[in-house]
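After this come two complexes, each holding chain A, first together with chain B and then together with chain C.
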Partner chain A sequence: MLELDTVTAGYDRRAPVFRGASLTVAPGESVGLLGPSGCGKSTLARVAALLHRPDAGRLVLDGAEVRAWRHRAPRELRTAVGVVFQQPRTAADPRLALADLIAEPLRATGRRAEAADRVAELAPAVGLTADLLTRRPHEVSDGQLQRACLARALTLRPRWLICDEMTAMLDASTTAALVAAVETYRETTGAGLLAVGHDRVLLHRWCDRTVEWKECLPAEENP
Partner chain B sequence: MADPRTHRLRLWSSALVVGVVLLAVLLVPPLVQLDEQAVDLSRKLLPPSWAHPFGTDDLGRDLLLRCVYGLRISLLVGLVAALVATVVGTAVGAAAGALGGWTDRTLMRLVDAFSSVPHLLLGIFVVALFQPGVWPVIASVAVTHWLSTARIVRSEVLSLRTRPFVDAAVSGGASRWRVAVRHLLPAVLPQAGLAAVLMVPHAMWHESALSFLGLGLPSHQASLGNLVQTARSSLLAGDWWPTLFPGLLLIVPTLAIAGLAGAWRDRLNPRRRSELML
Partner chain C sequence: MNAPNASGQRLLRALDAVTAERAEDAVLSVRDLTVRFRLRGGRTVAAVTGADFDLAAGECLALVGESGCGKSVLASALLGLLPGNAETSGTALTDGIDLLAADEKTLARTVRGRRVGLVPQSPAAHLTPVRTVRSQLEETVRALTATGRRARRKAAEDAAERAAFPAGHLDRYPHELSGGLAQRAATALALIGGARLLLADEPTTGLDRDLVDRTADELRRHADDGRALLLITHDLAAAERIADRVAVMYAGRIVEIAPAHRFFGPTGPRHPYARGLLNALPEREFTPIPGMPPELSALPEGCAFAPRCPLATELCATRPAFTAGLACHHPERPRA
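So, the complex of A and B:
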């Protein structure tokens, strides 16, 4: 269970982006979070991925409350939540070839030996051909790079996957391929999914349930 | 704005000058085996001729040979000081930018404190602490020149560390150290390298300034600053060559190194790169 409990977060303590947001993702469940641009749903996604310390509220992963964030968070908790960002160009280190990009989490966690096998397994699953794996980010398209970013998020087999506007930059066929790749991963591992976005049609079709952003907030925040 | 042809001309002429200078300072001393300090008063202050292309100085020493030795010392000081200053500046800037908080504030106040003293003055203070020689001069230039690199690297790291690819690395289990060394440092190295190359001519000028003030190398040891300093008195008597040639050797290689650095800077900037069709 991934539980966000009355989370207040933002980039300035005096003026948080949102107050008291709550959301739950059960194991194996897929939840779509819908909201207008600028409402704070990406910040909530970053809190759920342990990348942003909230000003108040709790994040609970399988009953364990998260008390440290970013580098200070225990590695098992950090890597239990995989994350895919909206813009693959800024989310990929421009110096790494796609194969290294996908293998990076294994290298960072001292499991270098498994890297080659895992890349060979993930590349076809996200629809990357072998010749693309040796290319650097500036030599591939946005769609191809986003496929690699999705593969990277899956490298350590996270129990939850957070897709923050994953397909906002992409064409319809790439969107379909990436959604299919995520669903295949979830069927085999039973991972939970939090998909954040503003594409109503896509999230309604993709997810078990969709939540409007204002439903996450307490009543007094929604006059 | 330089068009591609001017850019290429600048690049190749700079590379040619730097190449000739490097060959001269590396090959001439071991091959020629002449003593550049040998005094011969019967040949003092001879104007340029085939036997002495740069003429001789007031003690009858061949100026071409002394200029090559002087350039050798100046380049050594420039390169080592620039290297040390860049390594120190990059380490301090990267630590301040990547760690943030108190580390950042303490390190940057240290940088401010160093910058508040005019750096020639600080450099003079450092050389005054030691016996005259090459290493105090290198230390003096390095101590006063890591500040700008530290500032450049810190601001680059600050802008990089909020990028999503750093978030992605953290989410993938990377430690703070790994993010700094594998993702942030490689991204700032081209900038730091450019700063280092631009610093070489600057450091050479500092060496010359210190030697000219009589604070750098001992006066028997040829350095470009020493050569200009000792030639000053003969200039008033109408002997122009002991000042002109060391002066030119200070100006031309520094312009050439700056030209190479300029070409590199153009390459680092993608927009300039596409304009120049590199």
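So, the complex of A and C:
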């Protein structure tokens, strides 16, 4: 279970982005979180991805509360959660070839030896050809780069995947292809998914259930 | 509305005549527009090949296609904003000026902002972060027209009003604006010079659905005011909302141009790629087109879509000509 329990978070303690938000994702479940732009759903996604320390409230991962937060959660916990952001251009190191980008999490966790095999496994799963793997971000399209960013999120075989507006920049066909790649991964691993976005039609089609942003907040935060 | 009386009918006829006259003189007339990038090592990227289309006043043409298909390069070519290693051929006439042949001085002094207005993809990146919206609008007025300070202020406020940018927010900085207001501020900049051609390059990317609808409707209003609007987008819903015609681009070529009502209606597009693109929508079949677009530096001899096409045959080894709005050997027949 991935559980956010009355979480308050933001970038200024005096003026949090949201207060008391709660949301759970069961193992193997896919949850779509819908909200307008600027409501704070990306901040919530960052908390769920263990990348942003909440000001108050608890984050519980498979029954264990995440503690020892610094700016982010400890790395050994973060590897359980993969995350894909909206803008592949700002999420990818421009100096790395796509193959190195996908292998980066293994290198960062001292498992460089597995890199070649894992990249060879992941590239076809997200539809990247061998030729594309040798290129750097400026030599590929947004769609191709986002495919690599999805592969990178799957490199460490996370039990949870957070997709924050993963397809907002992409055309219809690439969107359908990336969603299919996520679903194939989830079918084989039983991973849970939190997909954050504003495209109602897409999230209804993609996810087991969808949650409106205001349903996450306590009643008094919804005047 | 009341039934038109005799004078009202005269007015309507007069309006029709004006509309017909406008349709004849296209605001933008593109013929055989081709853009090549020369790379080191002798490789050539065929970013746009043989684009042919007209755009009339009051009309919105949506140019749609997958990322990397050449849509944005086409827009840059029309503004003369291509990088130095680009080679163009063909013509793009607006108001007697060939945008592809014009020199930098002509483009800077008579085209950008004056004949062609650009509504940018990312208003946050387009606006100067350290200056207020008013100061940026007035700067643009100063650059485009020689007017005194008071007239400048008025012109800036008028442009803001035309773009539905609230006057009370004029003295704010870009970071104090929501995404929708930033988009309107950028649109106001594009409207100042009274350009008859608006190029909107992915104006709705990253906006939520309500804002997409609002931004699209506002662009449509500018077309209804007599401007020609070229909407470059991968957002098929936005195209469906406001476009009169849809041009589908694949691997640098326009493969189909169709009236929007036919394209999105029960008849549907005729090119298999266009059909695939529509079927990938979550409200339709949600199945991707298999494979990926070819490299623009290594295009096949024949139809570029053939390797991904369910209908491909040996005929497709030769490139289909673009006739009657379509380039395909095996077009889908209109559904009954």
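Definition applied: the second predicted complex is superposed on the first by the 217 of 223 C-alpha atoms of A that agree within 3 Å, B and C clash if a C-alpha of one lies under 4 Å from a C-alpha of the other, contacts with A are read in each partner's own complex, and residues count from 1 in each chain.
Operating definition for what follows: a contact is a pair of C-beta atoms (placed from the backbone, for glycine too) under 8 Å apart; a residue touches a chain by one contact, two chains touch by 3 or more.
Predicted model only: the values in this text are computed from it and were never measured.
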item: Joint occupancy of chain A by chain B and chain C, clash or fit; value: fit
item: Chain B versus chain C as contact partner of A:V196, first or second or both or neither; value: neither
item: Chain B versus chain C as contact partner of A:L23, first or second or both or neither; value: neither
item: Cα-centre angle that chain B and chain C span when viewed from chain A, reported as a multiple of 10 degrees; value: 80
item: Chain B versus chain C as contact partner of A:R46, first or second or both or neither; value: first
item: First, second, both or neither for A:R75, with chain B first and chain C second; value: first
item: Chain B versus chain C as contact partner of A:I102, first or second or both or neither; value: neither
item: First, second, both or neither for A:L154, with chain B first and chain C second; value: neither
item: Touching partner for A:L59 - first (chain B), second (chain C), both, neither; value: neither
item: Gap in Å between nearest CA atoms once chain C and chain B share a frame through chain A; value: 5
item: Footprint overlap on chain A, comparing chain B with chain C; value: none
item: Chain A residues touching chain C - in the complex, by the definition given at the top; value: 36-38, 86, 127, 129, 131, 140-144, 165, 168-177, 179-180, 198-202, 204-206
item: Footprint of chain B on chain A - complex, ascending; value: 46, 49-51, 70-71, 75, 78-79, 81-83, 85, 87, 90-95, 104-105, 108-109, 149, 152-153, 155-156
item: List of chain B residues in touch with chain A within their complex; value: 163-165, 167-176, 178-179, 183, 186-187
item: Complex contacts: residues of chain C adjacent to chain A; value: 65-68, 178-179, 205-211, 234, 236, 276-278, 280-283, 286-289, 291-292, 295
